[in-house]
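Handing you a structure now.
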Amino acid sequence: MSARRAYPMRDPAADGVPADLCPIATALNPMQPGDWRSLRPVVDRDKCVKCAVCWLYCPVQCVVERPAWFDIDLATCKGCGICATECPHRAITMIEEVAG
Amino acid sequence: MTMAVREAGTAAATRPRHIVCEGNEAAALAVAMVRPDMLSVYPITPQSSLVEHLAKLCADGRMDAEIVDAEGEHSVLSVLQGAALAGGRTFTATCGPGLAFMFEPYWRTPGLRLPIVMALVTRDGITPQSVWGGHQDAMTVREAGWIQMYCETVQEVLDTTIMAFRIAEHRDVMLPVNVCLDGNYLSYGAARVTLPDQAGVDAFMGERNINWHAALDPLRPMAVDPLTGGSGGKGPAAFLRYRKGQCRGMQNALRVITEVHDEYAARFGRAFAPLVERYRMDDAEIALVTLGSMTGAAKDAVDEARAAGRRVGIVKIKTFSPFPVEALAQALAGVGAIGVVDRSVGFRWNCGPVFQELLGVLYRLGRPVPAASFIGGLAGADLTVEHFHAVIARTAALLGGDVPDGPIWVNEND
Amino acid sequence: CPTGALRYVTTARIYNEVGDWEDLFAPGLAGCQGCNSELVMRHALRRVGPDTVLATPPGCVPGMGSVGYNGLTGTKVPVFHPLLTNTAAMLAGVKRQYKRVGRDITAMAIAGDGGASDVGFQSLSGAAERGEEILFLVIDNEGYMNTGMQRSSCTPYGAWTSTTPVGRETKGKSQDAKNLPLLMVGHRCAYVATASTAFMQDFYDKLDKAIAASKHGFAYLHVYSPCTTGWRFPTERNIAVARTAVETNFVMLWEFTPHDGLHFTHPIESPRPVADYLKAMGRFRHLTDDQIGHIQAKVEENRAVITQIAAGAAAR
Amino acid sequence: MMAAGLLAAGLVAEGKYAVAIPSFGFERRGAPVVAFVRADEREIRRMTNITHPDCVLCIDPTVGRSVDIFAGMRPGGTLVQTSGRALAELTLPAGLRTVGLIDAVRIAMEIFRRPITNTLMLGALARTTGIVSLAALEQALAQSEFRDAGLDQNIAALGRGYRETQIHHLDREVAA
């Protein structure tokens, strides 16, 4: 659905814009807040019915669809626990992150 | 009120078109000739007739521009920032309290490098409550980063307003411009002016590309003005880079203002000094430094003083920001005494703001030149030929070592 | 619906429609854990799409990195920091210029309640009066959360904030909240609605209507947004708190157009006592019975006012 | 200021330079206002008020009661005045050489049904001083904001102002 995708960003230097002119940014921040987490969501694949409630309420939109269940992208999941609270089938539990 | 006049017995199209109009209308007519996209307006004395003229030009179909009647000056300039970031050529006008209310977007505009042009119909500062002319508003914002050019005549208001767009949009400049016209004397003063031809202005203006450097355009996504700075990482150096770039744009403007004035003179046959004007300075022993519409009376006074044998000249500052340090130093190189006439007050140094700036130029001269600060024309007061005779006499006294230790208040005994 | 089946259906409907549309913010934004503002803005921008110019006045939305830091952006559409005070005016300029050159874009603001109801209200009111074609979305977390949880005019009575602290003399904010969406109804905007992330289908429906309205007039969408950090409740309770606000009528979901007037979109006929909502968060922990009584009375008064307006619309 | 601007436009129509400067007060209907006009064959540089006028054009018969309209006037000057009274009944300063008199309010009531004397008095000024021609003022009016009936009325007023002004040369009358 191309109309629903962002237009590509261009390099201002390639367009002849001096680097000292006006503060602009055309590179996307690569930050991955997954390391903020102290609790991690774990999805019980047997209980997941793919209702997408977790996806709907996830503030960072880190819920990704798998063939038979919804999974969590742990690179961006901040561990807030909303998905576990809201899941109508109790398919997500929060477990403690262990160091390393 | 436009009073277009055709030369009797000639075809109007082949002769320059003279009209009689006030400075506020001259600015509006100039704006119409550069074919702006967006105007945003809010009325305030003594600027109001300017925005009324803009509205009338649009209503009559003589100007094809969007006109946004915003709910205050703060929004006026904000609307224009949005329009400029979307690629529009923009104009507005304000003065005094309106400028103060506009200050938040005002001091942001240069950093965004938006070539917005704004007539600043100068007005003295409240309080005391005043609706009359004076340069206090413009002087108060002189470090905000706008280019500021002061006009002497109604004709210069018209021509400078056209040139201002070229200067602002020049790729080596990309800064907003205030065309300063003295409240009352130029805003409402009507005089004979000559209009340039529209085809000539179109050719002079060339192609517009306002937001080549920073755009709010879905087809060209970018973040405009992300947070920049901090105390670690790349931020502080990046902030410094942009600040230096802004300073570079201001310095480039000295050259571009000169080039644009030269080109305008070549195309339309009207030449104005771009940075400073030297009037009868060749063998001048004393110099007056003036700004804006007071200069005409000063010139008449100097002619009379010259006729009486006094070697006096005038250095008029047109471009006040960026401050034309070198041009002023050259113009004043040979004089023995300087009298600076300000139409506003510098509270910190107990002198006029232009005088205060001039002190820096004197340092460049490398020799001590006695100078006096005259302050007059506040809140609409007249600066007459007689006043300038007194200024000339007092400045001449500097040659004999009679240097005042404070400002001389010109209208004190009117 | 006690079994949750209704939620299941509507959620799947939203997911099936927009799930593969691109999230137009960077994956990593520095919103707090469980940030409802981040949830609102990701859904809203995804729905509005890439042909958008986004303005985010100072607050949590740019504070979490939407406009970015030091050369990096957090948003995939053109985005700008307006001033806290001029969002609606600046967007009006953007939109009018595109309209002038015949390009259809959505000019969208995602603003906080402080920048909309306090210092930015003049430009908001002016733009609404002029009918500027803008989609103005306010995330109402009832205070200046980005700068450290100070009170705004949208902060409710009794709430602790860092500038309405709980002490011997005073106990939280001593004034009631300004009803900003109702003020926008007074501007006769093309569309005005309140929404909550606990009722996503309702929110999406209103987004669609607001987007459509923004093509011919001023569209105003007010989303109540619990702030886990500033309101002091556990991050995982965010949606639950939002839901309780609606179920107690502390927050009412309605929409307005000049043609159809105002009507409730999710009327609560038998509201739970507002104390159920207040006790869910730390910012109200200090409340006396008198203060709770005041808030309960205020809820009923608000309900009566809006019901009266809605009844007027229904009678037409 | 309307009259001053029209006068300046008329002067420019004849190839002259002109500057018109209004007083900077609050212009309210009926309140006394003053405007200054300079004319010259060469460019006028001073943008200042006029403190020593050669000619005073007084378009309101009663304004002299509240304002000294002759302040700063040099000997040998000209007054163009609207008045229903005869010259002998007017209090005039010494040194005035020429006076143009016209009952402009009466004529204005006939033309406009309101006491608007501006264009009438411009006609009277042209007749009294000869510094600008009637044709040039008509041209200035035609290029102004006036349209249709309003323009016709003002052209008529200009003409009647010009024709119905009585000019008195005080020196000669005193000598005679």
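Per-chain residue numbering starts at 1, and chain names A, B, C and D are given in the order in which the chains are listed.
Going forward, contacts are C-beta pairs under 8 Å (C-beta built on N, C-alpha and C of every residue); 3 or more make two chains touch, one makes a residue touch a chain.
Everything numeric here is computed off the predicted structure, so don't read it as measured data.
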item: Between B-D and A-B, the pair joined by more C-beta contacts; value: B-D
item: Approximate Å spacing (C-alpha centroids) for the pair chain A, chain B; value: 53
item: CA centroid of chain A to CA centroid of chain D, Å; value: 80
item: Centroid distance [mean C-alpha coordinates] between chain D and chain B, Å; value: 35
item: Inter-centroid spacing, chain D versus chain C (mean Cα positions, whole Å); value: 65
item: Contacts with two or more other chains, residues of chain A listed in rising order; value: 6-7, 9, 25-26
item: Contacts with two or more other chains, residues of chain D listed in rising order; value: none
item: Per-residue multi-chain contacts in chain C, two or more chains; value: 50, 67-69, 71-74, 76-77
item: Pairwise touch network: line, ring, star, complete, or other; value: other
item: Chains that touch, pairwise; value: A-B, A-C, B-C, B-D
item: Residues of chain A that touch chain B when the two form their complex; value: 6-10, 12, 15-26
item: Sites on chain B touched by chain D in the complex; value: 1-8, 18-20, 22, 46, 131-133, 153, 182, 184-186, 188-192, 293-297, 299-300, 380, 382-385
item: Chain D residues touching chain B - in the complex, by the definition given at the top; value: 1-2, 4-6, 8-9, 12-13, 15, 17-22, 24, 44-49, 51, 139-140, 143-145
item: Complex contacts: residues of chain B adjacent to chain A; value: 111-113, 174, 212-214, 218-226, 228, 238, 241-242, 244-245, 248-249
item: Interfacial residue positions of chain A with respect to chain C in the complex; value: 1, 3-7, 9, 25-33, 36, 49-53, 55-62, 65, 73, 75-76, 78-82, 84-86, 88, 94
